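Which chain is which? They are A, B, C, D, E and F, in the order written, and residues in each are numbered from 1.
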């Protein structure tokens, strides 16, 4: 049994499937599957600390108690080290194949530049239906370029809007903070109709109230893609990331929000990005990312059953 | 002066007493003592990451500012590496000896399998008075077995109920979350009358409200044992543990809850378990565990004095 | 271009300026500058874990996204390893020179003993105007001595009051917790008119309410110095410190509080102390300290512009 | 494609095959295979620092450049957490199945207690042919019991001799040092005809001379099993182990010795044990263990080709 | 004083000069200077673990005792994150400018892809004089491409030969080992006249004898460039690198070899590459790289004085 | 049983005795004892990275296999944090008391400044007999002052000579390397008759030959003190130290040398200094220091028995 696609780099390929899910390497075998986990070990587009190429492996293995969900693991897309452009093409093709099989892709990044190919592939597949994006991040990722480089982890939201994959008014950003991006990029986002909820607003109104607003907007779309940059969480909860920014969400905030989204509006696709294992401590970032995927799977299952995303209590 | 019991393994035995408390190695010297700290460096029953055998030493030494309490440190019980059964017997005997001397045992674990011998010993000593258990944990620990193994850190609550040490209706669990245990184990717990407060409920109602309910129940018992699995705290606050689960309590939640329990209903015994130093970072998990013991001691002292568990404020 | 002052130890001196600010080594070049960052790599006065001598370098370099503020970096004061007294004199002279140039000093420590020389220098410069101190810390730092040593990181508040730099009634302490200092030191503080807000109070009333009280008091002073000991934050958010104490502020609490202080009452000086890189994890403590300085700079800028310390929201 | 055997713990099972070798889970598929890599994630028998259960996964993934050998990876044997006896039985059965298929097993441990079942299984398979053991270790592992426990990582050599799997005179130990075992155990070994080469001897005579002696002895046996405890290497080269002992072999010593053994006398089986990832640094121990397996594979291939274990030089 | 070139990324630019050397940012200020240290924080071309972009900063700061040499630090070349091609151009231009000023460049990498631009620039400057290359590395770095990518850290030697910067017969490689590159690449190297000394040869003949041969060859060239990939050292001595390979040189081997080269044949240029701080431990890799640069400077100084590279002994 | 002397800091005092030796806190109980281990947790005199105050605790606990020697552990001397002068006095008095009881002190440091009080105390006790010093170190430690500070870890050899405790001609230094101290300090040492063996000489002649010379000199003295600065070992073997210098001894070199000294010329006292746990990795530095003490104890025992320092071999 060959687990790896020929010629892949050492850090890519199957390194244990996500929570021991069955492995599928051929899109033809995706028939009847709901969701496919797919890895995108790409970090050539980072501007700060690289290392997210090790993210998919770390997230897949970050399972101390043994999960019980039943989707498939589709392995990693065939990346090319030191060539972000070629890797992005491979990711775009891989996600398109998953969508064509009628399966929801959950992409494990990789740096955030992968949002361009993967959200783009999902949008293309669904068109003309309206795809909206819920984007958790410390950073707006909507610059036109970083140090003159367009294919960057700071630009995917701009690229998606400019190529017509998504209009800005179907993008909601949650958790922005710090001293980035430049004012002109915020101005551009405002013109395009982006919505955002800064950490400051979350501190003042509470996470539940903000999420109520987010979900109300998402209900107006045909489909929702969830882009989760792990750096939206505070570095205390997610030290293993490339561009940490103090003052973020707690793990509890994040877990609850992801389950609500999956259960209340469903998912056409999801990505968890910027998990950078060389900077992680005792795997807590990978464990959190792993748990967020489980919450999405669990929310989707509850949604299918028509149940509320809320566990049963004991008698008092 | 011989500090160690003969023939103990390198990682067991006195490695500095808890906050430099006096050492007592002979139960005969416990006369007039209120509380005894006792170590149980046992982790042979874990199913995930071992390392909790180093917990007692780490907790004892995790003192950067110098404590001032006045109980005794009773050293470690005489464990047998690679033989959980024999170590459990030694722990049961050690706790029984402490109880017989009229002293409250505070056990530093060790993995959670030690709850079976230590809670059992306290229950046996107090019988026929009714002992109840307040159990902080990410996991319910009430499986009948793990991988076919009964003496496991996933089974102590089941063993205690089944052997009659405690009825299920005198067990309250706080902080459960994640995808464990199996539904049939939750069903069993419900039948036995367990109460539980999932993290989800704590997020919705707030920790203080939940603790009010817990304390109201505990007041109906004759005595309370506090079992504190450090993994009830979020991995950001307690990375040094064997089965971390994102989305847990903060240190502030935990500290406040432990002091309230000690001060408002008192303690017949306590254990702090699953501190695993190889996974700790800058000792923050050990420091938290150390502080939880100090809070219990302080709460017990306040209770003796009849004072409220609430510090004095400055003028405004 | 010589970046270093002659004869300084390897760990001191310019190791990249704060967020790539321009460097000024001569006080004569401070003309027209608002704020100067100055390093005080001194930890000879600690009683627990040393390492804060590496704090200024770590905080300056903890910049993953590139800041955009426009003050100056004044380098480190000329410290003498293994001689706290001489280093304190150098710090006092350096801060006095900055103040004389009409510039607000922001000091990167170093252990907390540096509050004695740096707050003292600012107080002396401003006298007879009334300087008050907002002091964030897990510890009160008002002992008369530690192990008989007066020049200690546990004594600066006592020294400042006793030498007349500040009356106790112009000191507000936030975040105290744990089992330190001795009752007699609290009694002394009460006599001197200190105000304090224990973590317990913050948990009960909420951080915003407490900060409203703090700011109301600060508005009665002519000038405010902000002393921020990073250990006021929970070890989950700030593991890289010498005397960690579980149960502290979150990064969000701290960031918000510092910006409010700078924007609402302004700053005559500031210090961030007790950042100890050998105990840090993935630089999260240094990143937080760096961000607190940015928040202060940003708050001061907003104050100059007469704007509220509150970011703009998107349309809903 | 199911990569895992049903019901295995999270840390066991396929987590990427060794250097991306094809995976074989069914012994029936071993036909025509020379060598099978098999994992034994068992550490319940350690007396010091546990963690070797994570060894097989770490060694398999410790491949930064991509290997090119062509054997198979047989996955992990079905272990039972917290039950060394049952896990040992599973290992013995797994190795027996590999041997029965005419395949050479290379076992990735796990603590050294696994030598008892795996060397025993190979000896039983080969009997009446004479199997000898080359044993690299800092410790003699020939105690009758540790703290009264017979199934221990300190006893396998004694158990193998006493059960008749191997006579002591067919055991050569290399690299012993430190203050273990007890004199009576050395005396027992001498009586049984063990040979040993202490580090002291290696320092005096040189590694090549000692290995010449070892190989001369091995050539008198029918078959050779190579048991390599990674702690024979100095902690500088192999920090990730449970019972480190300063003053050991270098990586160069070890690599050269393993290739010579495989090439000059061949291997009937091999194990690499006591790799404990929680104590590793930047994976250097796992990388070394991985390389030792590659050297064995490479030596076996050279032996098949009848070539010398010596690389070609460039012209001078 | 502006220490940084405008618009550079956070991790590039002056972060303390090498051993506190004076900083020169303008080539016009290089007059009268012997040697210039220049940083090349580029790692976009790695195929395994990225992180070498942090190498120049770490090497510069890795100075615990205070050096005393007197060259200049030229800062970092202006790199573009996520764009290796543009960064390589900047490096080539920077090194050319240094050479044009009559100064010897010592480049701190960065991944090994930088050898292409920096060795190329020195060769172009010296032509028609004959430049030879002494290349310390675990890997031959002479593949035509890696995963189809030409601009890679596995290809610079091929690129230099193919573009005519250096004939293969003026390249000597020391320390190669492991299972890379492919046989066809070794065959190509042999055709081109490369010389190499595998670790195996060094173990057999001793490092001094091998270096005697290397120096004999180098004396036949007009000029020598020294390319030092830190992974030539064993991971025990240099864990902080991207493609570690067990079984390498010791620090003593490396230090002695570098000083001999600088003193006995001189240097037209030097690079120290593949120092990757995220994988370093207690800075030992950066300290070693720093020391290798000091040895080169010291060797060059001895050569200028006509002295032997051998320190004075005390009387016996 | 009170294990601690009253009022000591948290990091000092009994934290497990060395290899579980009996504890003696009163010099009166030293009767009949050969050797006493005593801790000196002092690092206030370092000029680079502090942390050696945690050395005694780490060395004592660094015992994974259980030693079997029979001296006593005398606990730590009563140090004063942040006051090196007072701590030095306490150490001098403590060592004097041990010597007066006829016991050989083995001091666990602490930074190297402690050589001044402890070697001085032993010299004073033995006078007029001639004490000589064998000093292993990367650094000569014979500066008159560092940054103007006399009581420094860079000055003890100068202070000992100048106060008349030892003439320079009874000092032999082994392992010096790097770019320190200043030429004038080497000149001073030469005038005083110091002998030294640089690493360069050890590389050329071999460690055994150098040690033969050292022992020949030591045999001309009445008594020998062994001062072992752990940084004489390469950072690969001893990363946990304050002033690491690449290119040092291996652990095997060090272990063998210490045993030879103890066995061949005996010891009037010994110190192991500069073990700095915050910089250690997996305790390998503490384990090495612990082993060096065991080697000294073992060498002393062999000397008493009149046996050679050489273990028995098996038959060949």
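Just so it is clear, a contact is a pair of C-beta atoms (placed from the backbone, for glycine too) under 8 Å apart; a residue touches a chain by one contact, two chains touch by 3 or more.
This one's a predicted model, so the numbers in the text were calculated from it and none came from an experiment.
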*Which one, D-E, A-D or A-B, has the same contacts as C-E for more than half of its contact pairs?*
A-D
*If you average the Cα atoms per chain, which one ends up farthest from chain F?*
A
_Chain pair, B-F or C-F, that carries the greater number of C-beta contacts_ = C-F
*asked:* Between chain A and chain C, what distance separates the C-alpha centroids? Give it in angstrom.
replied: 38
_chain B and chain D, separation of their C-alpha mean positions in angstrom_ = 39
*Measuring from the mean C-alpha position of chain B to the mean C-alpha position of chain E, what distance in angstrom results?*
55
*asked:* Residues touching two or more other chains, restricted to chain C: which are they?
replied: 9-10, 48-49, 64-66, 234, 236, 279, 281
*Name the touching chain pairs, would you?*
A-B, A-C, A-D, A-E, B-C, B-D, B-F, C-E, C-F, D-E, D-F, E-F
*Quick one: in the complex, what on chain A touches chain E?*
7, 9-11, 43-51, 53-54, 80-84, 86, 146-149, 151-152, 278-279
*Parts of chain D lying in touch with chain E, wherever the complex brings them together*: 64-68, 234, 236-237, 250-252, 255-256, 281-284, 287-288, 291, 294, 298, 310-311, 313-316
*In their shared complex, at which residues does chain F touch chain B?*
1-4, 8-11, 13-17, 20, 22-25, 57, 61, 63-66
*So in the complex, which bits of chain A are touching chain C?*
48-49, 139, 178-180, 189-190, 194-201, 203, 213, 234-236, 239-240, 242-248, 279-281
